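You will see two complexes here that share chain A, one where it goes with chain B and one where it goes with chain C.
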Partner chain A sequence: MRGSASQLRRAISLGLITGAVMLYLVAVGIVLAFSARNTITGVVTLGRLMLAAPPLAAGYVVARRGTDLAPRLVAGLLLGAVSGVIVAAALLFASAVDIRHILVRISPPLLAFLAFDQDASIGALLNLALAAALGLIGAVAAVVPSRVRRPAITGVIGVVVISMLEPFLRPRLTDFKLEGVSRFLFTHKGLSIASAIVVFAIFAVGSIAWPRVRARYRARVAAADPGTQATIRGVTLLLLIVFLLALPQIAGSFLSQVLVFVGLYTLLALGLNIVVGYAGLLDLGYVAFYAVGSYLTALLTSPISSLGVGLPFWVALPIVILGAAVTGLFIGAPVLRLRGDYLAIVTLGFGEIARLLFLSDALKPWFGGTQGILGVPPLFGVAKVSVPILGWQLTGPTLTYYPLLFFCVIAAIVATRLKYSRIGRAWNAMREDEDVAQATGVNVTNYKLLAFALGASVGCLGGAVFATHLASVFPGTFNILVSITVLSIIILGGMGSIPGVVVGALALIGLPELLREFAEFKLLVYGGVLVLMMLLRPEGLLPDRVRQQELHEADEEEEPGADGGALTPAEQG
Partner chain B sequence: METHAIDPQAMMGDEGGARLLLEAHKVTKQFEGLTANRDIDFDIPRNAIVAIIGPNGAGKTTFFNQLTGIYAPTSGSISFDGVDITGMQPHEVAELGIARTYQNIRLFQNMTAIANVQVGRHVRMRGQWFHAIFGTPSIRREEEEVLQRARELLELVGLRRRTENELAKNLSYGDQRRLEVARALASDPKLLLLDEPTAGMNPGETRQMTDFIGRLRRELRLTILLIEHDMKVVMGVSERITVLDYGEKIAEGEPAEIRANPRVIEAYLGKQATA
Partner chain C sequence: MRRIRRVSLVDIILLAIRVVVAIGVVIGTYATLSAGKLTWEQWRDLLIFGVAQGSVYALIALGYTLVYGVLLMINFAHGDVFMFGGMTAFFVADALGSSGFLDANPIVGMAIVLVVAMVSSAAVAILLERIAYRPLRRAPRLVPLITAIGASLFISNSVRGLYGEQVKAYPQLKILVGKFEIFGVGILKTHVVVIVSALVIMAALYWFVEKTRTGRAMRAISEDKDTAALMGINVDRTISITFAVGGMLAGAAGVLYAIVFNQVHWFMGFLPGIKAFTAAVLGGIGNIIGAMLGGLTLGVLESIGPNLLLSGLGVPSPNQLRDVVAFSVLVLVLIFRPYGILGRPENR
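Entry: the complex of A and B
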């Protein structure tokens, strides 16, 4: 009985926290902003889902412990009710007392939204009941076996994602003569009830079928003779390449623009990963290399820059890479003796110094001060490329995509090869214990400089492509947020993991582009995501195998069927 | 790297050189007024097992750290295998052929066992970053050889095959000690420095370790320097013992002489007797 008493105590304290989280989401205005987006028309909006996520997730967490069914469900219900009481009380309070001069986002529309367009007292009761129900549902999710839970969660995520993609999917479906599908799926805003059910079913069935199909496929491949296996690998790779090459055509111009940003940040993150993930040097001034890559490219290729030489991009590129590598050495050399936090602070300073140098009046004759450098020619010298046979017209983002893809692939290959070589191991050893690494024979000075130079070379590629893509460079672009974002990508994806970098870039760069409402709350969401990651999955979404072992040794024995890469509802928010 | 198997010839270095592998002359180390080592003369003959003992704070580890380049001596000189290594960087000393283990095991905790040994091999590898990036045949061959060699070393120190992909920190205490020795051996050292290799071990494990030290000398023809706190360990295995106390050398000789030396008894054994 003592066990269930402590579970109830835990439910109450978690409920208080959950309520506070919900209030916070409401008070910063993110919930109302997202309530403009219908997930299922007339039924639920994204804002409502966002507010529902905390009690759901907390109910799941609190009910995961324990053996008896009833106390676990009661704990979930209690937790939801406690959080509901907090929200209801806040609603009543805000309706009675005007606190808008303190919390500017608590507007009448927000209160109306929170009260479900009812009277405040009825709204409060509704909130209480809803939160309690959500807590209970979360608890039920924890109680049911994972073969039920997993399809349900996947289905819900599927519905949310498809509805979020509506503005992009609809025009693309029309372009591909699939208006029927489009009309079935989407009302003018959001999914219809029928299409939501269909989408849910497709995703749920998919999540059941997919592991089986994959297992059977893997077993077949494993049973095949080596020659066939090599063929299968080759065909898979070929299909992947064809897909990546055709992607801008499928995605269309706007999504290609998003892909270009994702590609840029993937490239930057691949470079920073060498410095932070492999060598363990926490560099917060990585934006400097991005800036150097951009400015050098602009100087060398723009006919109206101060140099005015107007070199073709591919001729300028080796000089840009060399220049960035030298910058890496310059920034690396003074910080050789610094470790950990000190290194982070000093590199942070260097990043700002780089930006201020490009901005400065003293260097205006070269870098153009606030006006930057204009007239950077497109990457291939022409703004439009026609692909024969396929009839593609590549221009703007659909054109920039290809060199970016090329650079990303090169950077990923370089990073992988370094990682599994003498150099990568020496970096890892340095990250683990610098003194011992040195006593074992690693020349730490050289290896630190090498990490900075190689990281810089990869990062400058991003800058180079960026300059040609915008046809100009401005110092304002290269602020500290770039460094922070790139670091967040690495942390989210998983330190030292290359697939993780791609996933991290898709999540942190791609998602905000798709959800315009995000823009205002981007940093808040980044912060929240990072905190959640550190708590729930410190090794990142797609971790390096070794690093996963490092952080999850203990849990593995506890729950063998731990949810793989599936996002919890809380992370989705 | 020329050899695949654990070939004694590869590890013993140049036998034709002087009789002494290491010579330290009047080594003094001062830390802001505190003299940790004063005028220490010390040498190690080739293929010998010698030990430095002394009570806590006697300056043993400071001396060790000067041999491996972690500290530069305030005055005096150290030469190793005919090369003056006074004031050299640790990685340079490692490359010349001095490898060490640590009193409180210092492995690369979050790397696998095999990767720890591979890092130990670092100084004998030639692959550079550009080789790695382009995946040249030479670096592939080298990597294969190193993997092979690392596996042999794990076997030599008695680590089971399935532990090779375990993280170092997840190994048992005894296995971590073994892994540290394997990492040190991977660089084909001429001189192996063992800092309290039996610390934290029970009598059975301690005997195993001392047997293993003897085997290393015999089979790999290594020269070994032990630092020990526990007199009993060094008495059995080493042929010469140097005793430090308050940063100075107070005695040197065969185990039997040391045991009988009144100054040692006063400084060291006396302390133990009262403890």
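Entry: the complex of A and C
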């Protein structure tokens, strides 16, 4: 009896929080912005789903505990109802009192949306009923066994994702002569009811079948002889390379533009990952290196820059990278003896100083002040390249994509090799405990400088590609938000993890580019991602194994293993 | 304990930076003063503006220092706590201003605005601590810092979404237009009000920390959290109170900032936040008097520095580089004297 009473109390307090979260989502404007996107045309929009998510999730959470069926379901229902009461009350209040001069998003269209285009009082009742139902559904999801829950959730995610991709899928399907598929899937910028059911079914069945297929495949590979295994690995790698090379052709020009941004940030994140993920130095001024790379490239290659030498990109590149490494050393050297959090703030200061200097009138003769530098030639000196046999025409983003892919692959290989080398182990030791590392003979100063210089070089490489891609550089591009975006990518993916970087860049750069409405709330989401990841999953989505152990080492004494055992005294000086 | 180090590349670079900065300061100052670019009155006005601005920084810096004292963490989102107070109080000030109440009862009106700002900032600060920092108290040092950066972004962009993107102009009080004559020197009335209010608030804070029971609890926690808990101090509650007090100071700073600059917007927390952090470090972080001193010093350096140093060095439009001066102070202080003016080197 007492257990269920406390569960109900918990349901009420969680319900209040859920209601507050829903009101926040409405007032901050994100719900209405997404209500323009149909998920299932005529049935539900993305904004509506967004508003439905909190009571669903909270209902699931509150009903997870307990043994008896009835109190758990009642708790979910109660929680939903409480949150519904809050939303309903707010709706009635906002319809009666005009608060638009304070909360600018509370507009008549928003209120109409909230009230399901009904009268405010009817709308309030509908909200109450809907939220209660959602809380109950969440509770049901917690009650049913996971072999039912998992396919259902995967199916819903599938429907949402496919409907979000509509603006890109539809034209591409048409290009590839698959108009029938496109006509079946989409009506009025969303899925039709029938196609939603089909998509749901495909994803649900997929989520049941996929683990079995994978397990069987893995078992067969494991049983095969070493020669065959090597062949399989080779073929997989080859397929991956072919896929990456063909990607811009499959994706089309708009998505290629998105891919270029994803690639650019992947490159930056690979560089920062060396500094933050490997060496454990939180650098908030990473944008400085990006800016230096861009400006150096522009100065050296643009015929109308203050230098006016107009070197070809590939000749300028070594100079740029060298310049970047030197900048990294000069910024790194003074700050190395600082403690972690001070180092973060100092590098942030350096980043801002760099931006302000590039912007200033004082250095206008060199960097052009607010006007920046124009006339940066494209990467290969020409605007268009035709690939002989395949007949591809590479221009704009598709032309930038290939060198960028090349740089990303190089950076990823270098980073991986470093990670498992003597240098990587020294960084590892340094990150875990600087004093102990020093005592075991790691030359902390030199290894920190090395991390800074390497990170700076990769950042500069990103800057160089960026300058040629835009054909110009402007100081406004290089603000602190770039540093924080790159940091968010690393945190989301998992510090020190290279697949994590790619996933992070896809989620944080690719998604906002695909969902234009999202762009406005991008920074809000980045902030939320940083906080939530640190609270819930500090090791990131695709964690690095060593890192994960570090963050969860409270349980038991960890073994030194392969990573700790090989620390021999490093040479001095 | 000084460790003996071999002279390395790093030492050489550090020495070079010291020399370059010292030479730059001396030459710039000499050139400016000998050229007589500004009159004595202009220097004086810059100085007073610097003090007014610096007292706002000092109020924010106190929040950093208080939190650092008890938790040993940099509350990166503190600048946004400051912004939130100023933004929220704007709506009250606007309503009072357009109804004429503010001009009829300026003191009561300003007090209401100030209280609203302080309460709303304190509320955000408490929520921030409860949601974002408390669960991470035992985590590695960088983890709460990353959370704080995220929280900063989250708060500022929430305000952008909730209150809108446009710059909001605070109503101007009629009685604050013009200058006071103090000892024959004309000082803008707004500057006088800001400096005096900041001093009063700082005195109140000093009394609170030194003389009250809660203040003693705060000091005990900053000495040793675990021992304080053993002595029967409710650590969680005291930390919440610390955040609340820091938030109140930041909220007050938000209104004073609005009085000096007449406007507020969603992104205004970033720069004053960083500068106030600089001020806190400059004075010696964790040290209350230090934060006040640091704030005033930074404010004055920022308003006089560009004219005194840079224009002497022949830099065109030096005032554009005000923020560069502030950030350079930040970088130089952290590199060469991270324990600040009043602090002592940490025993590592």
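In the analysis below, the second predicted complex is superposed on the first by the 547 of 573 C-alpha atoms of A that agree within 3 Å, B and C clash if a C-alpha of one lies under 4 Å from a C-alpha of the other, contacts with A are read in each partner's own complex, and residues count from 1 in each chain.
Just so we're on the same page, contacts are C-beta pairs under 8 Å (C-beta built on N, C-alpha and C of every residue); 3 or more make two chains touch, one makes a residue touch a chain.
Only a predicted model underlies this, so the values are computations on that prediction, with no experimental measurement involved.
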| item | value |
| --- | --- |
| Comparing the two partners chain B and chain C, which touches a greater set of residues in chain A | C |
| Which superposed partner A:36 touches (first chain B, second chain C, both, neither) | neither |
| Chain B versus chain C as contact partner of A:444, first or second or both or neither | first |
| Partner chain in contact with A:246 - chain B first, chain C second, else both or neither | neither |
| Which superposed partner A:224 touches (first chain B, second chain C, both, neither) | neither |
| Which of chain B and chain C A:428 touches, first, second, both or neither | first |
| First (chain B), second (chain C), both or neither touched by A:519 | neither |
| Residues on chain A lying within both footprints (that of chain B and that of chain C) | none |
| Contact footprint of chain C on chain A as seen in their complex | 24, 27-30, 101-105, 280, 282, 284, 330, 333-342, 344-346, 348-350, 352-353, 356-357, 359-362, 364, 445, 449, 480, 484, 487-488, 491, 521, 523-524, 526-531, 534-535, 538, 551, 573 |
| Chain B residues touching chain A - in the complex, by the definition given at the top | 68-70, 89-91, 94-95, 99-100, 102, 106-112, 115, 118-120, 122-123, 125, 127-129, 131-133, 135, 139, 142-143, 146, 167, 169-170, 183, 187 |
| Residue ranges of chain A touching chain B (in the complex, touch as defined) | 414, 417-418, 420-426, 428-429, 432-433, 435-444, 450, 454, 546-547, 549-550, 553 |
| Of chain C, residues touching chain A in the complex | 6, 8-10, 13-14, 17, 73-74, 91, 131-132, 135-136, 139-147, 149-158, 160-164, 270, 274, 277, 281, 310, 315-318, 320-321, 323-324, 327-328, 330-331, 334-335, 338 |
